[in-house]
Each structure stands twice: as C-alpha cells, then as structure tokens.
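Note that subunit A is present in both complexes that follow, paired respectively with subunit B and with subunit C.
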Partner chain A sequence: MSKTFRGGVHPLPGLHQGKPLTDNKPVKPYVSETVCIPLNMHIAAPPSTPVVKKGDRVLMGQVIAEGVGPRGVPVHASVSGTVKEVGNVQQLGARTSPCITIENDFQDEWVELKGLGNVETCDPAAILPAIQAAGICGMGGAGFPTHFKLSVPPDKKVDTVILNGAECETFLNADHRLMLEYPGKVVDGLRAAMRAANVETGYIAIEDNKRDAIAAISKAAAGRKGVHVVALRAKYPQGAEKQIIKAITGREVPSGKLPADAGCIVMNVGTAAAVADAVIDGRPLVERITTVTGRVREPSNLLLRIGTIFLDAIGACGGYTVEEPGKIISGGTMTGIAAPSETVSVTKTTGGIVVLSQKEATSMEESPCIRCSRCVEVCPMHLNPFKLKNLCDMNDLKAAQANHIMDCILCSSCSYICPSRRWIMSSIKNAREQIIAQQKKGV
Partner chain B sequence: MALHISTGPHLRSRQDTPSLMRDVLIALCPAVAASLYFYGLKALWILLVSTACAVLSEYVWQRLMKKPIRLNDFSAAVTGLLIGLNMPATVPVWVPAIGSVFAIIIVKQLFGGIGHNFLNPALAARAVLLTSWPSYMTKALVPERTLTFGLFESSVDAITSATPLVAPVADIRNLLMGNIAGAIGETCKIAVLLGLIYLLIRGVIRWQIPVCMLGTVALMSWILGKDPLTAVLSGGVLFGTVFMATDYVTTPMLKVGQAIFGVGAGILVVLIRNYGNYPEGVTYAILIMNIVTPLLDRSLKRKVYGEVKQNG
Partner chain C sequence: MTIQWIHVLYALLALGGVGAIFGLILDIADKKFAVEQDERVVKVRAACAGANCGACGYPGCDGFAAAVVAGTAPVNGCTAGGAKTANAIAEIMGVTAEASEPKVARLLCQGAHGVAKERYHYDGYRSCQMASQMVGGPKMCSYSCVGLGDCMDVCKFDAIKIENGIAVFDENKCVACGMCEKTCPRHAIAVVPKDATVLVRCQNSDTGRVAVEACMKACIACKRCEKTCQYDAIHVANGFASIDTAKCTRCGECAKVCPRGCITVIGGQAQVVA
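Right, the complex of A and B next:
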C-alpha cells in the first residue's frame, strides 16, 4: 500500500499529468554555443560575487563567482571558453539578475578535481565543505543551499533524511530519468547526506506511477546501511516537503517551523546525485537533467549545462510545434514560473521547460465562487482556500493571518481545481508578500 | 513575441462552472423524460415556461443592472427547470412563471447573484408558491399512463391507502416507477436515481449529503414505526435530496458540515411529515438547513496541518 497525505489533486488526468510525452526518453546531453549563468540560483544568501572578468579564459568547473557568507555557494563555469559578459540579464524574476556569459570553445577542458573517494569511508566532516564547494543548492526548485540544510543546529534532533523522488509536478520526468539511469548516484548522495548529518535512517520516496524507478533504486539501495525505498501514492503535491514528511513518518512539521523541527531533512533526488558527484569526484554542479516538453517537436530529457538559454534547449528539441508559443514555463504547470522571454537561462533549479500554445496560455476570466468546496477538499494543508481568497480580496490581512494564510505552501491545487477559475493561490501569494513586507517594516 | 505571464497553475481542471451546471441539466433529463411520459404536453408547457422565465429574468436583471451577463453558466436554467419539475401537472402556468421570476430576482440576484444566495432559489420559490397558492400547488394528479418497463402489471389503486409499516412490493414498484400522484418531475424515483448516479459518477456532487439525508429519513421513519423504504421513496424526499440539498451555494463547505446538513435535513423531513401540518416537509427541511449553513461554516473548524503540535 503506497503512503500518502490527506488532500491533493490528480492534475490533468486526460494527459496523464503530461508525463507520457517524455517518460521513456533516455537522457541525452546537449551543449550550446554560449551559456549565461545567473549568480543568484540559490536562495537564503546574496548573489555570488564574480571573480572573473570579460575576456578571461575559464575552464569547466572553475569558480567564476564566490559564495557570500556561510550560506552562500559558489558558481562554476559550465563550459570551458571565454567570458563574454559580466552583467545584469533579465531572468525569471521581476528584476534582472547578475549573470556571467561564457562563449563555449567546445573543449570541455576541466579544472583539476579532487574528490573524497568513497561516500562510506570518507571523513564525514569533509562532506559538507565538499558540497558547499560544489555549489549545490536544492535542485527540486527551491534552491536552498544544501550544505546549510544538512548542517543541523545543535538544538535540533534530526533522525531522518528523505530523498524526494516523488516528482509530482506535471510534465516533468527529469527526476524519473535520473533515478532510472543513475540510481547509484542517488543512493550514494543519500548516504553522504546521512553521514554528514549524522543520521541513521534514510528514505528514497518515489510515487507509485514510477514502478521502474522504484525497482532501479531498490536494486541500487540493496545492502546499503539505513536506506529504505518507499512507494508514495501518485498525487499532487506529494513531493511537497511537509506532505512527504507526513506520508513517510506520520509527523507534521509544526506551523511556522522547519522540517528539522520534525526531525527530518528533505532533499531532491537530483540534489543527492549532485552531492554524490561532489563528494566522490569533487565535481561541481555544472549540469542537470531538464525535461523540455509541451509544444516542441521532440519532447526530450536533456542533460544541459547550467546557463543554457531556453531557446537553445527548445531548439535542441526541434523547436516549437506552434507558430507562436503562448507561454514558456520554467518547471511544471502547477507551480512553474512563466518566463518573460525565450532567452532566460536554465539554472540549478530548472527541472523542466514546458511550452504552451497561445490557446492553452490564455487564462480564463474569474467568475464568482459557487462554494463547491473543491478547494477545501484538495488543500494539502487543510486550510479553507475560498475563505483566504475572500479575505485577500478584501485586503483583510489580519483575518487572513488568523486563518493560517502563512501555512499555505502555494501548491496551487486550489486554483487548479476551482470551477470558477479563481486565482486563489495568486491572491494568497500577493497577500503574503504584503504581510512579510509589513513585518519587515515592523508595522 | 509576447509571452503570457502568470503564476501557476498554468493549466486548469476541465471541470468549470458551466460544465458542472450542464451535468446537472443532464442529470435532470431522465426526470424530464418521465414527466413528459406521464403528463405529456402539460408537463412540457410547465417546464418550458419555468425555464424560460428563469433565464429571461436573469438576463433582464443583469442587463438592467449593467452586470456581466452570465447566462452561459446555465445556473438560471437549472433553477427554472427545478421549479418546473416541482409543479403538479394541474398547475396554471403563471404559477411556475412567478416562481421562476421570484427565485432569480428576489432569492438569487438581490443577494448578489450566483454564489451569494443563502437559500436555494428553486426551493425558496416553491415555499412561496406553496403558501401563496396552496390549492394549485397541492392538487396532484395520478398519471393516466403508467410505467412498468414490462416488468410487472402496475396497480395504481394500491397506493391510495395510508402507508403501512411494510409496504407491499407492488407499492414500492409503483413508487419507483412513478405511477403515483405528485409533482411532475419527482414521482419517477428511477429517473431521479439515474440522475443521482450520474452526478456521483461525474464527480459533480459528493456522497455525504445524499447518504446522510436519505439514511436519516430511513432510520427516523423506522424508529417511528414506518416503513423506511417507503419513507425514502415517497413524496419529494429523493428529488429534494439529489437536486436541492446538494446545491453547492447553500450547503456547508466542510465534509463534517455536509454530513450534519444531511442528518439535520433528514430529521426535519421526518418530523414535519409525522408531526407537522404539512404532509410533506422536504422543502422546509432543506430551507431550514440552508439557513443553518452559515452557522455550520463559521463554527466548524478544520485542523490545519502542523497546528496542534505548535501549541503542544
């Protein structure tokens, strides 16, 4: 019996969550002529500081920007070649991001790498510095610095590391393919994380619609100390941190607290594979698997260099099948971010690029709430989304807080299911930003 | 090239308000067919007038008030059709006409339109018609035709007597087929049950309210020494449960609330039937629970993920 949580949705049932487009496509590498690498791919720390300038020749894996502060992570050149530009470029966010553009010389000339060797026998104290030096941040989408996540404060008792291979987002198969093709790396990464955080129990959690991945990972995990493979029911948002902790351990993360307060650390399987590379070979995070799908000629799972321009990746998949794309999403259709242009970059957190047609991208007009209670049924945090939406529309932020608006995980299940096409999650997100801004001002 | 920008979700569920209302209309088709079979042109005329009046008053109101015209959500058509199906065949057509206008203008639009009314429009209209023109509203005809599906010979006489503790099989069959007196759409229980099954399969309604309401009616009747099956199948209980008590707008948002709503309505039906002046209590039972709904919504709390542990 697969484990799960209460609530959630089965998005896009007619399309089988958009997965069949790429779930049996093996990962293929693609390298572009230029890469534009953002320096703010991680959260929780300022953008990294450039240490190269225009005209410099850089080697693959060379640090091009240093992390700032204890949480910061460095950024590495993902190709060998010449630095073309150091400056601000429009990326996914509202404001431009500092970026370093490198022209690829297609030599793939690496800097010298020095790893720790075996994850089971290396010095556990050396693991976190290796992870930080490799520039690893959460590759599931959030981009939280991994070394920082694994440094458990002395007052917290963490006993479980969970690797998240649920991949409940629509259209994406990057994690699915990774688990099928590189299961050993995933397991090694988990062991490294467990040893670094001094934890005995590790889970690799996979939705039960990926039986082949469960089999591959189970085989790789056989005989490894403290590693368990768990099947989760295929349901969105099964891969959300709080929901995966609940499903596996039965624990709930206290409101306003972190997973560590429930004794858990949750990491994406892609991050774990990057950790394995970093620890074993000392290899920095310079490439990742990204599913490029939707209205493209050959939907694919590409192994892309960090900094690959979306348009290049789409070109590698045969280009658009529509005359003019309506929307290009970084991520899946539930929580992905709509790109402002085709020229934004693949970052450490880009699990997918989904192209929608003009018709699919045209949003429907909101109509009045008919109190169908579907949002209440699906909310994985057991909130009352319809009520929060009304309070947000009335700008009653106090009442919204009393109704647990800050507990919302912004999974957009409520907006997805709403027959009145209401932008419930958007309103909640905006109101929360206002609340956070007010709290910062100390109002 | 201009790309669309928005937050997620970028693709939505196919089910939207018009498709939900369309499903309700489809679920009503068997009842409409039964009413046409039993009462012919009389039923057709009633249904046409009630539906047209509801749709027209919605249009005129939204036009005059310069509001967006929302006829394409089909909700006015559902209300109109429900009012028509709740009429006895003998009713003069101006009665459902007034009912439809009242339901749309007074009960629905004056309170803010779709989603804002606190009473089910069709039921509120029926209640008003029942008190204003009781003679027209209660003169039900036993249909001249009978429906047997060739399964058995129908005996219309059998059901004129008072409800016995255990009803003869023939009575139950007549109740199911609709070979009894009653409102044109609610007599054929098979047609209503088909609608219920369709709504459940399509995921339009959830099981909580129908199961709790019908279960309570059966249980309460049994406690009072009546035949539970006859209690559920007679009068407007089934029709009211399936099509009125499941109205989203006027029922609670939480599952617990919906269960309480169903149980409450079921208790009220049996109380009104057995101890009230009216022979049938479905209309008032559901309307009373409609009024209770905001209280249920306000007083019932959900346990939010991670909530208790924070305090404990």
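Right, the complex of A and C next:
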C-alpha cells in the first residue's frame, strides 16, 4: 500500500495533469547561442557578486560570481565563451536581477575539475564544501542552498534524509526522466548527503504512478547502506516537504518550524544528482533537466544549460502550436509563476516551462462561497481555507494570523477544488505578503 | 363585561415596583462601582475626526483619545482632523498645538495607460501588493503606480479613484491621514503640504535609457531642473529629481524646462510666492 497524508487533490489526467505529453520522451540535450545567467537563483542569501567583466573569455564551469556570506553559493559559467554583458535583467522577481550574459563559442571547454571520487569512501567533512563550491541550491523550486540545508545545527537531531521524487506537480516530468535515466547518480547523491549530515537512514520517495522509476531506482539502490525506496500515492501536493515527511515517517513538522525540527532533511532528486556530480567529479551545477510542454510542437524533456532563454528552449521544441500563447509558466501549473515574456532565463530551480493557450489561461470569475467545505477537506495543512479567504478579503490580518495563515504552503489545492472558482490561494498569498511586509517594517 | 380596575392597578403597581427596585439597584451600582474616567478623554474623543481610520497609530479614536490624555500621543496626532481638531484637542488639554500646515496626499507618478508601457496583462487577484511582486509588476516601470487600488481600499474618506490605470486623488475629500501612503507597495504616494503645488511626479531610479523605455513621463535624471532652479530647491538623487518644499518658491521654472514633463504645477498656472 502506497503511503500518503490526509488531504490533497488528484489533478485529472489529460489536460489537467498534462504528464502524458512528455513522460516517455527521453532527455535531449540542447545548447543555445547565448545564456543569461541570473545571480540570485538561490534564496536565503544576497545575490552572488560577479567576478568577471564584459569581454572576458570564460570556460565552462568557471566561477563567474562568488557567493556572499556563509549561505551564499557561487554561480558558474554554463557555456564556454565571451561575457557579453554584466547587468540587471528583469527575471521573475519583483525587481530586476543581476545577470551575466555569455555568448557561447560551442567549444564546451571545461575548467579543470577535481572531484572527491567515490561517495562511499571520500572524507565526509569534504562533502559540504564540495557541494557549496558546485553552487548547488534546491532544484525542486525553492532554491535553498543545499550545503546549508545539510549542515544541521548542533541543537537539532536529524536522523533521516528524504529524497523527493514525488513530482506531484502537473505537466512536469523532469524528475521522472532523471530517475529513469540517471538512477545511479540519484542514489550516489543521497549517500553523499547522508554521509555529510551523518545520517543512517535515507528514503527515496516516488509516487506510485511512476512504476518504471521505482523499478530503476530500486535496482540502483540495491545493496546500498541505509537506502530505502518508498512508493507514495499519486496525489497533489505529495511532493511538498511537510507532506512527504508525514507520509513517510508519520512525523509532523511543528507549526512555524523547519523539517530539521522533525528530524528530517528533504531534498529534490535533481539536487541529489547534482550533489553526486559535485562530489564524484567536482562538476559544478551548470545544466538541469527541464520539461518544456503544453502548446509547443514537440513537448520534450530538455537538458538545458542554466541561463538558457525561454524563447530558445521553446524554439528547441518546435515553437508554439498557437498563434499567441496565453501564458508561459515557469514551473508547473499549480505552483508556477507566469512569465511576462519569453526573455526570462532557465534557472537552477526551473523544473518546467508550460505554454498555455489563451483559452486555457483565462482566469475564471469568482462566485460566492457555497460553504461546501471541499477546501477544508483537501487542505494538506488542515487549515480552514474559506475562512482565511474571508478574513483576507476583509483585510483582517491579525485574525488571519490567529487562524494560522502563515502555515499555508500555497499549494492551491483549495483554489483547484473550489466549485465556485474562488481565488482562495491568491487572497491568502496576498495577505501573507502584506504580513511579511509589515513584519519587515517592524509594525 | 366590565373592566375590573383593581387588576389594572395591581399590574401597574407590580411593574412599577419592580422597576423602582431595579432602578434603585442600578443607581447604587452606578455610584458604587463607578469607573473613574478622565472627562478629558470623552471630550478629546468627541473632538477627533471620528473615522476610526487608525492613521494616528492607535486602535481607533478611543485609543487615541486615551493616549492623548495619558500624554503618550501628541495633541496634533489626529491627522485626519487637521488643524481644527488639533486646536480643539489642545484647548481641552490646556496646551497650544504646534501649527500644522494643511496637507494632502499626492501620487508621485503619471504612469497612466498609454503613458507607462505595459509589461504584461495582469488578470489575477486585484491587489497592487500582489501584482507588484509578480515579475516587476504589470507596467514596465517597476516604480510606478500599479493601479489596482490598494490605496482606494484603505481610504476611509472615498478620496481615491482608479482612473485609466492610475490612482486619482480628490483633494477636497483627502484629509491627509496617510493610510494610502503606508499601504502603497511602491511608495508612490506622498503626503505633502497642500501648497506644495510644484512636484516631481516620478520616482524611477533606473538609468535614463531604461526609464525612457518604460514610460513617456519618466524622470531621466538629466538635471536640467537642478541647473534651472535659482533657489537650490530641486536636486537629483537616486536617479530622479525631488523638490525641497521648504526652499521651493513655486515659480514653476523647473516644470518649464523638464524635457519629460514629469514636473507638474498643480492648478495649471505657476505662481510666484517669493
């Protein structure tokens, strides 16, 4: 019996889920003529500082920006070539992001790499510095610096590392294909993380609609110390950090606390594969698998260099099948961000690019709440979404906080299930942003 | 059937008696358990604007009145009431209110539809806070008025309307409570003295090239206003010009030379005050 948590939704197969478009498409490498690499792909630290200038020739894997502070991670050139520009470009953030644009010379000339060798025999103390030097941050979407996640504070006791291969997000197959094609790397990455954090138990969690991936990973994990493969029920948001911990270990992360408080570290499988590369070969994170799908001619899973412009990635899939795309979403359709144009870049966290037609992208009009409480049933955090929505619309932020608005994980299951098409998640997100802004101001 | 008046009398006596007894109890309780309240609190409360807008920073007018009498709030703290209220409260408290000049909220942006370029069509949740976080906001200028009406929602005085994608202020209704200024996620609203009629209506910190691409009326920090001003009142800092209202004489010369039209003279005609 597959494990799971209480709540959640089952996005319907077909258009709602969109997975069949690309789930059997092997990963294709694609390299574009220019890359525009943002320097703030990670969170929890200021943007990295550029160390190259316009006109410099850079090699693949060369550090082009140094991390700031203990949490900061460096950024590496993902192609060899000439630096065309160092400056601010509008990415998906509220303000422009510092970016380095590099023109590719298609030589793919690497800098000299020095790895630690086998993950089982290398010095565990050398693993975290290697991960930091490789510029790895969470590739599932949040972009939290991995070395920092794995360095457990001494007052907390962590006994489990969970690799998140659930990929419950609609449309995306990047992690699925990664687990099928590079199962060895995923397992090596888990072992490296376990040794670095000094943990004995490791789980690789995969939803039960990816039987082939479960088989491939189980084969690769056979005989490895402390590695378990777990099947989870296919459900959204099965891949959310707190839900995956609950499903596998039965523990609940306390309100307002981190997974480490429940004795767990959760990492994406993509991050684990990058960790394996960083530890074994010393290879920095310069490329990732991204699913490009939706209204494109050939939906595919592409191995893209970090910094590839969306337009190039969509071009590699044969362009649009609609005249004018309605929305281009960075990430899946449940939690992704709509891109304003095709000029934004693929970052370390971009798991997918979903193109929707104008009809699909039309926002639905809200109608009044009918008190059916379906949102309450599906809320994976066991909150009262309809109540929160009312409080947010009345702008009663204090009452919303008393009703645990800050525990919401913004999965938008409530908005998805609502028969009145109410914009529950949007309201909650807006109120949370206001609360965070107020807290910053110190009100 | 005859009316038995005696029954009516019983009823009247019984009810009247009960009423009298309870009245007596209430009266005794009122005297015995009286809460000592400074009568000035009541008076100050009555003098406040009474909108419960919260602009003073206290929980409504009652909270403010209590704070004034306790000495923790200034007598001119009720911004919504203006000078009249300040003087009234000062009289109650037996002090003199510092002269507060009449103020008004103004939008430091002219990026209406057709002036500021659109970055994308936003059809999500109607909130400036939300939209401004989304990829730099719906307008190309990431310093502009977002135009979704967060200020309109918090305005208790119905002084703000959204017209043509930009907030429009009704000077006569505005009491300068400053709630819109606090709410605006772009900090594009400023509460300024009512007579500060010459204003730079742009706060775009981008370089000139980027600013020009974003908006037809963006300040490009060319410093022509700074060179023109004889009173040292206008200065360019952080990529846009701003006016020191204390030094400004409202001569309007800067507005005449501004190549981008981002300095406006309210009331049309420039008037020389100096």
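Please note the rule applied: the second predicted complex is superposed on the first by the 438 of 443 C-alpha atoms of A that agree within 3 Å, B and C clash if a C-alpha of one lies under 4 Å from a C-alpha of the other, contacts with A are read in each partner's own complex, and residues count from 1 in each chain.
By definition in this document, contacts are C-beta pairs under 8 Å (C-beta built on N, C-alpha and C of every residue); 3 or more make two chains touch, one makes a residue touch a chain.
Worth saying up front: this structure is predicted, and the values here are computed from it rather than measured.
For subunit A, the partner that touches more of its residues is B, with subunit B and subunit C as the two candidates. In the superposition on chain A, A:24 contacts neither subunit B nor subunit C. Legend: residue contacts after superposition of the two complexes on their common chain; A:92 is shown touching subunit C, with no touch to subunit B. In the superposed model, A:340 makes contact with both subunit B and subunit C. Of the two partner chains placed around the shared chain by superposition, subunit C is the only one that A:433 touches, whereas subunit B remains out of contact.
Once the two complexes are overlaid on the shared chain, A:170 sits against subunit B while remaining clear of subunit C. Comparing which residues of subunit A touch subunit B with which touch subunit C, the overlap comprises 337-341, 362-363, 423, 426, 429. Listing the residues of subunit A that touch subunit B in their complex gives 9, 11-12, 14, 170, 242, 246, 252-257, 324-329, 333-342, 354, 356, 360-364, 367-373, 376-377, 380-384, 386, 404, 407, 412, 415-421, 423, 425-426, 429. Those residues of subunit A that touch subunit C in the shared complex are 90-96, 337-341, 344, 362-363, 395, 423, 426-427, 429-430, 433-434, 437. For subunit C in complex with subunit A, the touching residues are 119-120, 123-125, 127, 129-130, 132-137, 142, 153-154, 185. Chain contact summary for the complex, subunit B toward subunit A: residues 1, 3-17, 19-20, 70, 73, 75, 112-116, 248-249, 251-255, 258, 302-307, 309-310.
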